[in-house]
Amino acid sequence: MLIVLHHSAKKKDIENINKTIEHLGLRPVAIPGAERTAIGVIGNQGWIDDGPFRENRAVLEIIHVTKPYKLVSRDFHPHDTVVKLAGRTTVGGKSPLLVIAGPCAIESREQIAASAGFLKKLGVPVLRAGAYKPRTSPHSFQGMREEGIRLLDQVRKDTGILVVTEVVSPEHVGLVSEHIDILQVGARNMQNFDLLNEVGKTRNPVILKRGLSATVEEWLASAEYILLGGNPNVILCERGIRTFETATRNTADLAVIPLVKAMSHLPVIFDPSHATGKRKLVGPMALASIAAGTDGVMIEVHPDPERAVSDGPQSLHFGEFESLFRQIRLLEGFVRKKLAS
Amino acid sequence: MLIVLHHSAKKKDIENINKTIEHLGLRPVAIPGAERTAIGVIGNQGWIDDGPFRENRAVLEIIHVTKPYKLVSRDFHPHDTVVKLAGRTTVGGKSPLLVIAGPCAIESREQIAASAGFLKKLGVPVLRAGAYKPRTSPHSFQGMREEGIRLLDQVRKDTGILVVTEVVSPEHVGLVSEHIDILQVGARNMQNFDLLNEVGKTRNPVILKRGLSATVEEWLASAEYILLGGNPNVILCERGIRTFETATRNTADLAVIPLVKAMSHLPVIFDPSHATGKRKLVGPMALASIAAGTDGVMIEVHPDPERAVSDGPQSLHFGEFESLFRQIRLLEGFVRKKLAS
Amino acid sequence: MLIVLHHSAKKKDIENINKTIEHLGLRPVAIPGAERTAIGVIGNQGWIDDGPFRENRAVLEIIHVTKPYKLVSRDFHPHDTVVKLAGRTTVGGKSPLLVIAGPCAIESREQIAASAGFLKKLGVPVLRAGAYKPRTSPHSFQGMREEGIRLLDQVRKDTGILVVTEVVSPEHVGLVSEHIDILQVGARNMQNFDLLNEVGKTRNPVILKRGLSATVEEWLASAEYILLGGNPNVILCERGIRTFETATRNTADLAVIPLVKAMSHLPVIFDPSHATGKRKLVGPMALASIAAGTDGVMIEVHPDPERAVSDGPQSLHFGEFESLFRQIRLLEGFVRKKLAS
Amino acid sequence: MLIVLHHSAKKKDIENINKTIEHLGLRPVAIPGAERTAIGVIGNQGWIDDGPFRENRAVLEIIHVTKPYKLVSRDFHPHDTVVKLAGRTTVGGKSPLLVIAGPCAIESREQIAASAGFLKKLGVPVLRAGAYKPRTSPHSFQGMREEGIRLLDQVRKDTGILVVTEVVSPEHVGLVSEHIDILQVGARNMQNFDLLNEVGKTRNPVILKRGLSATVEEWLASAEYILLGGNPNVILCERGIRTFETATRNTADLAVIPLVKAMSHLPVIFDPSHATGKRKLVGPMALASIAAGTDGVMIEVHPDPERAVSDGPQSLHFGEFESLFRQIRLLEGFVRKKLAS
């Protein structure tokens, strides 16, 4: 951290700042300049709170050389992380584009079995479906919860498809991590730090969705919790941010795909369904994310979207998904073989 | 719910929509119009998901007559809720303006005792201090946790001041609700629904902070979780929202004070410290919120803000707070006695 | 427009509303329902202000059947508009993907001649360069203005490349429209309605950039000004919106490409340079926009970006652009021939 | 400007940066540090574009010591500016709180005469009313334009009330500045720099509204255009910003009142009508702004809001305004005499 002082800063100001730095167990290093002095702070492991300095009247600006994250940074780990998914496939690096699909919520044995069967047959490696549903209103369907986990585990054994589901509370992580291949931390829980600590104790791959109003830096700092806990298998997922525009459910921020891949070694995937909220935009945006360099896509598909208990308007029909899946594989091939060469 | 159809809607479209409505256990009522038909949906208890209808090509628009909340609405409970705080004071309705103050985090016995002593002597009824600290980076100070709860409980017994602290995980709610008078659900946890359910099982007053990017409707729906759980003692707290403007930490949305008080019977308080992030803006905004009709203010004050482990730049010095507290009481008196008359 | 009334609405309320409708020269049509009444408003040409009704206590909700635009809507003009560019190329419909490139600002005869020569040789049909520069600070370079127009006109005659430049004031439109092929209305002027009216009087193609915080509806309504003025040659350009995220200069809202193309018949292009503000993100986002269905891209390229007077960090070097241009043409071919088939 | 280099920066990088600085006519000053080097840039008059340095791989961070504005800054002009309004009243500094009121648009001689008569009698010094109306849709009422200016001039002569109206195009500034006391630059034109230059040539007081998504820094930089043009009589006006929240028309950002008054010497007023868009929120927010330290308020009032051609829902009835005006004067007195002492 570099503390740049006003040119009006007095000797006493500098002494006070130095004392505060030492009080924090760190060491100040004077960096005298032409018009003003800066003080470097060294000796820290990771991020330093700049709180004690920020509103000191002698301080002009504070530069953080260290970031709120470290383990997730490409500086410390230059090569792409490749996350193994139950030994059957991988995501990140040169892995094939990961496609995850399925309904928003588990509604019944029939619905989830139909979805799994359809996707498995098509060659989609991972089924997504929610058992614990975070819903704005307590009067909305809250998910099948433990019963949903049981159904998902069954379908996984029956078909051999990999499954991913959201965890919303630290106490569910144990159960879910035993029966489900991949855990998801949803946008609303991106800064539920106790939950992040808990999934950090497992070794399951974890899809960490970006919060509705989370900056890239906050998102990476949340991933840092999981890695710091001992679980390196984090997959970041952009799913749209909240902005003033209401014509789409959220605003898909595709630029973070190349941006985050430059900042971090973790795989980054994209969820066009939540990002847009509109069925007709899912296909174009899924394809766009591939051209932007995503490591995977997660798409909502439902046997009967018009009767889905949640997120029907953004869920594809089976036929629509089949057609999109074909386009995805074609574009993936082109981008990797022709465009990159 | 009212489903308005395109004037091109066919008889078969209407039949399909009616079937879906009946499939959800509800009853369709045709509302024929000059140019187009609308279908009313009746028989529901609370909110209906409009998912199954939203992207049907025959549907022009959907009007929700019912809201995602009911118990928190003034429609169902016209009189102001007055929340009792441990039998010693109240907030809401014609109660005196509630003032809550204290440091962001519990740092030591000395720091919290000094804060409590100062505030008690001044006549501030409630001390705030965080034991569990949700921090962006895992490398930042995470709070004294259980040890902090113990210190807070001690200071409460020693001085007789009421205390409020944040709960961040469902599993802490039991312990905290026994030892602490008032629970706080922080902005990052406003949609941590398992946590809302858990605080809904207690009877402690709960301060529910608005999420960084939560709409008023979502905020009220989160309060609904707590009331539906059986706990009517909810105090809403505006603390600034995230916008494009970075000159302040957040953007204080004071207009929600009169707005939410018109929509709901619950008390609404304001936190100028997090809303602005700058010490010099805390006073003017605290006073502004009183003129806007707030039921209370929550202000960060610290014995030594320059050395605070978190949020120092927005914490007042004791002297600054003392002066502001005097202004608050003066303005409160004027607003209630002279301005309203 | 449909005015839905509260079920508590009295006969007198309805009569008052009907009178107001008639006062506006329109006709009310009663639409009685099971629980409440709605009033249809007919006889209007285009958008009706709902102001006189919005806060009437008898009114529950107002549904706009008509939009604030009409001529730009696909409802009224189902086929893609193909805009002719000086008889030499076209944009929209099945036209080849339009590529526009060049420096942010005209800096000198040498700089603009070098850019034009490079682009012409490469096969890029349109050169962009700013003569009038809208700059946040009056202390920043304000553009070469009339002298810039002269230079641009010269380079256009010398090389045969088409040129586009921004107009910022109604009084410049005459001069610029004579000497420059394509006019641009910048993001900051999207709602400079006198300027829109003025470019509506010309027949030059007009690139209308989306405002920093403009909704899609407002953007289309601004285009409506130009069409209503008699100029049908409007090309919409997404250039990123302002959000809370500061890791990129703006947030590229690519979902509006398929969305706006469904709502309107006008061509839509994308500017990845302003949308991201970072050189390394320009390529991935340009390619992403093609996969999303854009009709063209507009990219900043500069002979010496490190010395550019404005927007250097987002400008590509000639070599970088050449490589990206090859990728653009490859992807365009693939998307149109293979992916769509 | 201070350019901080990566510790990996090579001698050659430093030489290149120094050359670029000199190329801009400025002078580099090396500021060697413990771990890295910084380069100070001196010799500039005002703001330096950091473009040529921002994406240089050797550069870690750039610190602007100078701001995009100078004349509007309190650093250069420590005392409050007091703007004289036609010799009859003033705003800023210790002037009485300025109250401006009137309808959104001039609709007829009767409407504007009734408004002026009512306000003059009440003791409101300034009447606001729009002649040129910037409207989202070209199908909405566009204002009475020159005829409106004539009506406003007449009412001003008849009653002696001061008048303010919006200018939307440089070419109207001459006419309007002759017949109208105070000019207004609206939110949509805050970065219409040619318009700013034009009002900078007059000596009329200018109310400069903050743009919908303008940062405080951009707002002050726009004011700088007017002062740099020679007109020091600028009054800043906060009118709400655009955020994700749609429960209010805009989000009133009251914290900018004390913030901007600390950064700049210019008077700052507040428009609660556009900031909230809802009649019932106008009063509470007007009062809140006074407690926050505003120099004035601008409020929409209409003889018949239900029939207003624009902004009816946010316009007060005469009776409502009369009551609010009384509260404003009471609170103003209290805040200035009791609270500040």
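Things to note:
Per-chain residue numbering starts at 1, and chain names A, B, C and D are given in the order in which the chains are listed.
As a convention for this text, a contact is a pair of C-beta atoms (placed from the backbone, for glycine too) under 8 Å apart; a residue touches a chain by one contact, two chains touch by 3 or more.
Keep in mind that this is a model prediction, so the values were computed, not measured.
Graph distance from chain A to chain C, where chains that touch are one step apart, equals 1. Among the remaining chains, A is positioned farthest from chain D, on the basis of C-alpha centroids. Annotation: 27 Å between the Cα-based centres of chain A and chain B. Rounded to a whole number, the gap between the C-alpha centres of chain B and chain C is 40 angstrom. Inter-chain spacing, taken between the CA centroids of chain B and chain D, is 32 Å.
Among the residues of chain B, those in touch with two or more other chains are 213, 217, 242-244, 246, 278. On the side of chain B, the complex with chain A involves touching residues 16, 20, 23, 45-47, 49, 51-56, 68-70, 134-142, 168-171, 188-189, 191-195, 212-213, 217-218, 221-222, 224-225, 228, 242, 278-279, 305-313. Chain B meets chain C in the complex at residues 2, 4, 29, 31-35, 38, 40, 42, 60-61, 63, 65, 213, 242-244, 246. Chain D contributes residues 213, 215-217, 241, 243-248, 251-259, 262, 275-276, 278, 280-281, 284-285, 287-293, 327, 330-331, 334-335, 338-339 to its touches with chain B in the complex.
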